[in-house]
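What follows is chain A paired twice: with chain B in the first complex and chain C in the second.
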Partner chain A sequence: MRSLTPLLLLLALPACTVDPGVEYGSATLPLVDMHLHTGEWEDIPSATRRFLAERFPFPLGLDAEATAASVLTGEGVLAELDKAGAAEGVLFAVYAPRSVGITTNETVIEHIDADPGRLWGLASLRVDRWRTDRDAELAALDAALDHPRMIGVKLAHAHQHFRMDDVDYFGIYDVAQAHNAPVYLHTGPSPFPGTSQDAPYTDPAFLEAAITRYPGVSFILGHLGFDFIHGDEGALETCIRLAKEHDNVFLEPSAFGSSSGDPDQVHLPHALARIREEGLVDRVIYGSDGPQSPGFVNTYAERTIHAMTEAGYSADEARAVLSGNFARVFDVAPAVLP
Partner chain B sequence: MRLLPPLLLLPSLLCGCASDTTTLFEVELRGVITYGAEVGPVEVQVHFEEAGEGELNHPLGEIDRFWTALDTPFVFAFDYPQDEGVGLIVYAWYDADDDGVLCAPGQVDEPAGLIVVPGFPLHDVDVDMDVGVRCQGPEDLLP
Partner chain C sequence: MRGAVGLLALLVIVAVVSPAEAMPRVHRPEFTKNGDPATFDILGGGSPEGAWAIELRGGYPWSSFRGQLGMRGGLTPLVDLQTALFKRWEPSLGFSGRIVDRPRGRLSGELLIGWTIETGEVPKNGPHAVARVRVMGILGRVAPWFAVATGHTVYVDETIRISENATETTLSARHEWAPVVEAGIAIAITKHVGIDLGFDWHFVGAPDRFALPGLHLGVQVGAGPRPPPMDFAR
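The block that comes next holds the complex of A and B.
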């Protein structure tokens, strides 16, 4: 099967890159993609590997391992960023052995080294043996955040199987606060096998106890609570309420606006319009949840630009969403066009 | 025991994986869940005790779930995928406010409990459980 790969990629992949920046009306804006994955195919549970392979565009699913390998390395991610005209990207560590698999902090740091001027990382930790491993896991998270390019924490209660309101895990936010590290949290039901779909693991309302207790920690609500099982907006209004009531809440509209999740381009324009109506544009941080498959990072940026245009975002508002809010929240230098 | 239909193997063949045949072991779970003298809906979940290999090994892993009533004998049959994990855990929680959510914010603190079934694999499993620990998912009640 592997020998098919070069031909399949030639058939399916546009090899071109675009100039840095994205066009928004008459403006060219820098783009930062704050939600990207890296890792190894074999570190994903077999049920999830099957799930992913079935969703690669034909014919890439015929050799899913090679397709994944082509986009999941640091170099592969950079190539996908180049196609999208993105200046910078953020790689996520993931520790979810029951659902989406493991990408260690060390792997993320290794891939960041592919271009430390363009790639950042969010660190994470295992929580599945919390009673026995808690202190060691918190220490490992603390150590990972000492790396100058590891600028935040990634959690996914639904994939990692711990309640959003469980105070036994709030030590994670203590570590984040000590490093001034924003915390990205998956919200909403997830399509991956092995996910906890129950409300305490998916509904951002259950995060409010932590959001209130840690006003110095930035909470980034990933996917805006979108319900990927039923294909509806899910907890969007809860996310908006939390952002209106808490200055430390931010919003990340990744994945649900993809061509498969939002084929008629309804959900993403609606979500971005609602956010703008509520005066929360300065809380939105762009992410794609790529690379997923070759070309996805670019396509998601295009669909987000379309959604912002539909929702009436000005060029300055689009600039904030696409890069400015990221720089402010993560306290890094703003991305600039060459 | 029986094998899954060949159609389910197609995706794994397409992605070049090794054989992914799953052997299913039939289990009949019987028992009663109690919380003092109260009556009301209770959700029961059955999990592996452990699943996954190597770095992907982890406790728990849901196999199935169902609703029954407190203080009412139940019988629940399910297929246990033998190649995906080991052991059997039964977890239950009492939905005291009947909202389908364990301890929603600002609502009733609802009780839960967990038992590791000794001697598994068994075709017939008897479980009698008193729930009593507030607002805990199965991950918090592991021994």
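The block that comes next holds the complex of A and C.
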């Protein structure tokens, strides 16, 4: 039955490949999704596997491993990007063995090879044996960033259990700065089992020391500090303040605008409206936090377009959010429509 | 969804508005004048006294087995086993009965109780209950049908907290709602054998969780006394 499932999914799901680009008013805009996950199901801790399986559409969670395999490979991610009309995507390495699991830099590079013209990667490193392994981990991060498609660093203090203001870990930013690599940071309380939810691990205010010390490093505040536990905007205003006060702070509105996290489509339009009110549209980099489940990448793009429309974004502003700001911050060629 | 509501409304009208002068035994179209086909009993609900019928249904993601036997007074005990991908099992016992029985249609209800067993990444099991309403329009050998159901399962979670001095066990209950919408076309090949082709949508975990719709093909077999309707017998 497992071999039959992908075929049946194709029959059951309305998606299929769409033309590249997304419609925004009368304009067709290129889309880059800067927040995508890849990896192996067995590398995820069992509690998180159960958490994820319960959130797959029924009956996909009954055979969660097969479902995950269909979307987590490089080919699977590309298929999800195709459904969304996205030109490019960025795969995250993750080293969080006690919460969301491990996706190594090598795995990300392997999956990027599925289509090196469309996929990029963010490298990461283990921090759970920092006292003994720090130098080796920093060296491994440095080596991963030598790969031409590995263009940034991914950190999640809440999932990796280290404080945002702990200077012992600031060597990570030295490596990022040496490679001119932006650093993506998870902010806000996380729904995953095994997460450190206290403020020093989740509140972006605790990043300010690093942001100030490393003006040459771009800090991308993932999820805009959204509180996934209580389902409210959490540290949105802190993120906005940091972006206003520091030119090296950028904003990424992934995950919290999903159909489960924002069923009434309130949070994402509000966040994007606040950012526009504060004149920070040029700091927003689009990401979905997909693939999660088949069709999620496409749905999140649609919901973001809806939110930008609600918030009054012009076509040029939408273009900046969906691809232009990514190219500028990561210093890569802008995505173009064929 | 709007189409499904429209189909339900049409079938209800067909079932309820058609002539009722022959109650309690009813005038059937020519094909069924010597008793309803077993296929219509399974998908329309209820069986004549002493008649039995079974159905084997295969599909994605749901497959099922059902058997029913008509009893005196119109009550029809039934046994039902449903499975999703052979990883979620729902065995049930219950009964059905015809609420409205007309020459061109039928409205029936059924109640079942049973047990849900789910394997896979999140094993769980617990008692469930299902209430279902079926509507069928009868057009000779062909009968479009529609059913809606509400299913409720209760899972009991056991949490064991082991501390230095004691082991504490607590139980808590979770409710899972699973409304179901089904529709299809039943075709009576003979009085004893028939098939149906349809779709089914089991919203397991609603409203928080999305579910994929499914397709199925069913085969029905039945026999037993099926007395002709009274007006044909005259």
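Note that in this section the second predicted complex is superposed on the first by the 326 of 338 C-alpha atoms of A that agree within 3 Å, B and C clash if a C-alpha of one lies under 4 Å from a C-alpha of the other, contacts with A are read in each partner's own complex, and residues count from 1 in each chain.
Criterion: a contact is a pair of C-beta atoms (placed from the backbone, for glycine too) under 8 Å apart; a residue touches a chain by one contact, two chains touch by 3 or more.
Only a predicted model underlies this, so the values are computations on that prediction, with no experimental measurement involved.
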If touched residues of chain A are counted for chain B and for chain C, the larger one: B
Partner chain in contact with A:161 - chain B first, chain C second, else both or neither: first
Partner chain in contact with A:64 - chain B first, chain C second, else both or neither: both
Touched partner set for A:199, first chain B, second chain C, both or neither: first
Which of chain B and chain C A:176 touches, first, second, both or neither: neither
Touched partner set for A:32, first chain B, second chain C, both or neither: neither
Which of chain B and chain C A:260 touches, first, second, both or neither: second
Which superposed partner A:45 touches (first chain B, second chain C, both, neither): first
A:55 touches, of chain B and chain C: first, second, both or neither? second
Chain A residues contacted in one complex by chain B, in the other by chain C: 1, 49-50, 53-54, 61-65
Parts of chain A lying in touch with chain B, wherever the complex brings them together: 1-2, 43, 45-46, 49-50, 53-54, 61-65, 97-98, 101-102, 128-131, 161-163, 165-166, 168, 194, 196, 198-201, 205-206, 208-209
Chain A contact footprint on chain C (complex, rising order): 60-61, 84-88, 118-122, 202-205, 208-214
For the chain A and chain C complex, residues of the former touching the latter: 1, 4, 8-9, 12-13, 49-50, 53-55, 57-65, 259-260
Chain A contact footprint on chain B (complex, rising order): 11-12, 14-17, 20, 51-52, 55-62, 101-105, 135, 137, 139-140, 142
